[in-house]
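Below, subunit A partners subunit B and then partners subunit C, in two separate complexes.
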Partner chain A sequence: MCRLFQHVLLCLAPVALTAADLHVGSGQTFGTVRAALAAATAGDTVIVHAGVYREGSLVVDKSVTLTGLDRPHLDGEGRHEVLTIAAPHVTVRGFDIAHSGNGTLTDVAGIKIANTHHAVIERNRVEDCSFGIYLSKSHDSVIRHNEVRGSQTRAESNGNGIHAWSCERIEISDNRVVTHRDGIYLEFATDSATTRNTVEDNLRYGLHFMFSHRNRYRENTFLRNGAGVAVMYSREVHMESNHFAHSWGAAAYGLLLKDMSDSRIVGNTFDHNSTAVTMQNSNRMVFERNEFRANGWALQVQSSCNDNAFTGNNFLGNSFDLATNGQLELNRFEGNYWDKAESYDLNRDGVADTPYRPVSLFAMLVERMPSSLLLLRSPLVHFLDRAERIIPSLTPDRLIDLKPAMRPLSL
Partner chain B sequence: MKRSRKFSPATLALAALVALAGCGDTQPKAINYGRDECAECKMTLVNQRYGAELISAKGKVFKFDDLNCLLAFEKKNAAGPAPQAYVVDCNRPNQFLSSDQAILLQHDGLRTPMGSRFAAFASETELETARTQLGGAGKTLRWPDLLRPPSAEKTAACTTCCSAEKKP
Partner chain C sequence: MMWRIVKYVCRDLFRGKIVLGYAAFLLLASFGLFNLGGEPTKGLIGLLSLLLFVVPLVSLVFATAHFYNSYEFIELLAAQPLRRNTILLGQIVGVSLALSAALLVGAGLPIVLYAANLTGLTLLVVALVLTFVFTAFAFLGAVIARDKARGIGFALLVWFYFALLHNGLTLYVLFLLEDYPLEGISLTLLALNPIDLARLLVLLQLDVSALMGYTGAMMQNLLGTATGIAFATGVLALWIAAPLATALWIFRRKDL
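On to the complex of A and B.
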């Protein structure tokens, strides 16, 4: 046993001997971060004390830990990419990073992690940068507990808050991203997790997936983003327990699904969106235990969608539960609670004794003639919808929930 | 005699002018970035360096966020008279280049909204400046190169589906 300890100690000894703390700040060993980085060797910790550091573009090309004490401020003065990480196993923690330059053809960021791996970016504040935190061809990295705030005066050069391009196994968690172009953007990012982030007031999408397969995102909150959340051209994306709210506008959606397949949407809440979920050309998607509350449209499903299942969801107080431009006969609706269903339950098994057709006649009409939306709440429309429910003639006859729940489901 | 005077040449010319003005307008329309939606991929247009428009023979305008969206849309809606195509000048926000004016650079460093990696320029010099900024290399193309069948020019005519599969 004692010998084993000796071995362990011997193994640790070289690391302990070489890893040094390099202090940066006024009255410290190093006056600038650049000087400390030049002197550092792999495994060292550069401790930056409070103060404002205007050092242009800093490049971290050694495997070091950069720690900020009392939030030192690294400033790009509107001209530089503030911090570029080009070595593996770099940690950046506790900094205020602000005022990056604008990219012309290339993207400029507050913190860029390029062509490396195992970077950890945590507890930083990134403000008024073109792109906030930017990963490019970097795998196994973690972005957590950061606050990323874009500048609305940057207009077209305001990029994405957290941006990952061509990365594997990235963890993006507990960040807050506001007023960027897209809050969190993943393109060609696979096997990654996006968890417990708060993403608000971004110009376009709160979260945007492009060509990004096998990802999970859960427990995120997306509020008031210009067009909501877009998950596109991807497969096997698991979306669970997220909150999509207040996406209002003609082209705004809680969740836009386009060219998606084999994904699960489970336990999410959609409330107060013009359209909660819109789906185009998406197949084999499973919607379970979601709540759709007070949206204009709960679901807009295009005829190009097949083999999707909607089971055990709650539909409460939406103007329209479902709109479609086709028949949707290859999709399954079962065991959902629809507050518009009026039925009875003689055998008291909790399942309504009459089926429910989620597409109303008026929803069909609005789909073909958007201007007829003017007649929403008109007594005539109400009458026609009722008549259609009793004797369906125009609504898709096989689009039907045969076992609607009598009471809202506890999700 | 009186009847023929009713249709004087001036009236006819005016009528013709009105008729032409009604249907012959194929000028591109300004893109409202942050609001307009791509006719193909449905994404909101935000990046002012990229974008394209198709204007149908009847004057209907379709806006796109990236060149491959325009090409995919054109392919799907090939019936009828050919529409006029325009691309956004990479160096001048909201100015358009007609498809025969535009010189295209395809470069891996160009992060276009739908991954086509195409940017359009008004002149060779502007294109070369951009190429230098991006660190050289890349490919210069003209519009007809895009319309070649995929087998002959796979990367150029790449539609959204195959760029999705091709990981950079």
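On to the complex of A and C.
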């Protein structure tokens, strides 16, 4: 028995021996990262010491861990893709990666993960790269605690901060993405989680995804992105406790939903957007426990949207609560708190005794003729809205919250 | 000498119950609005609607009535070696200041307590300006019309036009010219109504989000910039100066 145990130990020994640490830096075993990567075998850890490394395009084609000590700087000198990961089970942590090249035919990135799986990219700073962190056909990968900062001077070659194309089960969490084109971009990325990211000041969208089903988005913050957040052609998406704010402009939206279905938007906060949520062609969506505060328009729902439910949301201090170009008769509004509703509650059950019509006559007028916005809050508009509430004639008569809440709901 | 007349007028008005009643009404309504809504912004929106409605009306009716009520005093003053301008200006400034004081107490106090921000301040300033505009209008009507009924009628007509009719006309014109670029026309239509100007100056603070869209961007460009605000202030000043100058001009030639 003892001999057998010894035998096993002896067999394991070579494996344990090969999992070596390779040190890179001035005065270390290896002078360049490239040399260390060439010498490494699967399972090794390449430890890169502080310093500036200009080594063109580095390709990691072995399952190794790259660890930066005191933030070594990998520089692409404006010509190269800095780091390409082409092997499974690669971890990259603790690097400063900057100045990638630009691509016209291909997308050039600070860190590209291509045709592999189980990559972990964490605690890096990616600056002034065309694309920041780029995943393509790489399932089960993790991108976390990175700071990705785009460069405005790149103009049209400024790509997306975190970009994922055709990936399953990826995790994007605790990253900060600023001043890229799109902050986080997902296309054909499914069964993934995007959590606690801060995405600010990107030129176009903070978050943009298409054909990305069954994904979860939690506790992310999207601020001051040029056109807000736009999500399209996906189903069974779950968005919870995110914060969408300060998307300002005629074509800027806190959240734009186009051709989305069977998804849940729960417990999010939308504030100070020109339009908080706009929906086109989206069906069977559920909006629950969201707070819409101080937006120009809280909801713009197009007539092509059916079977959506808006329940238990708070509408506070928006210039308009709801605008639509149709009747929306197949959508359900129930148990929301509307601060513009004027009602009473005789039996004191917290539910207002009179129903509320969220679309005002003036909202319809502005929808048809935007320049009439000039009359916002004028006495004339006030009277027209009042009269319309009493005797509805032009506003959609089936669009009605039958059980509006009397007080703001605690969400 | 003018300031002595102003002092007499103010002292007289504060002794009467109407100015005090006006202040009390505003105070009650403002506190009510701020406490009812829960949110200070909602209170401010309510107060905006109220002030844009009430301030012009009260200024017009009260100032007109005041002119006819103190007609004998004005006649007496005219018998003294005083210039006509001094007499009427003293009256107008006196009434404006008395109403402004009531406004400052009635609306200013709650605003300071509940919404001491730029929006609140804008609303207060704009309401004060409207007081001066419509007091001037009231005196214009009063120096034209010889009897009180006509004077009050003129005041109500002016109020009805600026508070409601002008908005209706604006809407109609915008509808007619829907397909054309409307920047110049909208600006002209706005400038033609002091209440609209006042409202939009407050909205630029209040409904920033809604105004960031296309129409809003246009408005922001027209009124939100420093030049825009200077323009709006200039036009409002003109709205005080024009009726005032006309009233003075007529009063100088008037056979009392």
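Keep in mind that, in the parts below, the second predicted complex is superposed on the first by the 396 of 411 C-alpha atoms of A that agree within 3 Å, B and C clash if a C-alpha of one lies under 4 Å from a C-alpha of the other, contacts with A are read in each partner's own complex, and residues count from 1 in each chain.
The rule is simple: a residue touches a chain if its C-beta (ideal position, glycine included) is under 8 Å from a C-beta of that chain, and two chains touch if they have at least 3 such contacts.
Treat the numbers as computed from the prediction; the structure is a model and nothing was measured.
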Subunit A as common anchor, with subunit B and subunit C clashing or fitting: fit
Partner chain in contact with A:R181 - subunit B first, subunit C second, else both or neither: first
Contacts of A:S26 with subunit B and subunit C, given as first, second, both or neither: neither
Partner chain in contact with A:S410 - subunit B first, subunit C second, else both or neither: neither
Contacts of A:H272 with subunit B and subunit C, given as first, second, both or neither: second
Touched partner set for A:S378, first subunit B, second subunit C, both or neither: second
Subunit B versus subunit C as contact partner of A:T153, first or second or both or neither: neither
Subunit B versus subunit C as contact partner of A:F320, first or second or both or neither: second
Subunit B or subunit C, by number of subunit A residues touched: C
Closest approach of subunit C to subunit B (Cα atoms, Å): 12
Contacting residues of subunit C [partner subunit A, same complex]: 37-39, 41-42, 45, 48-49, 52-53, 163-164, 167-168, 170-171, 174-175, 178, 182, 186, 189-190, 196, 199-200, 203, 206-217, 219
Residue ranges of subunit A in contact with subunit C within the complex: 248-250, 252, 272-275, 294-297, 316-320, 339, 369-383, 408
Of all residues in subunit B, those that touch subunit A in their complex: 33-35, 37, 41-44, 46-49, 90, 93, 109-111, 114-115, 119, 130, 133-134, 160, 163-164, 167-168
Complex contact set, residues of subunit A against subunit B: 104-107, 156, 165-166, 181, 187-188, 203-205, 210-211, 226-227, 230, 232-233, 251, 256, 258-259, 280
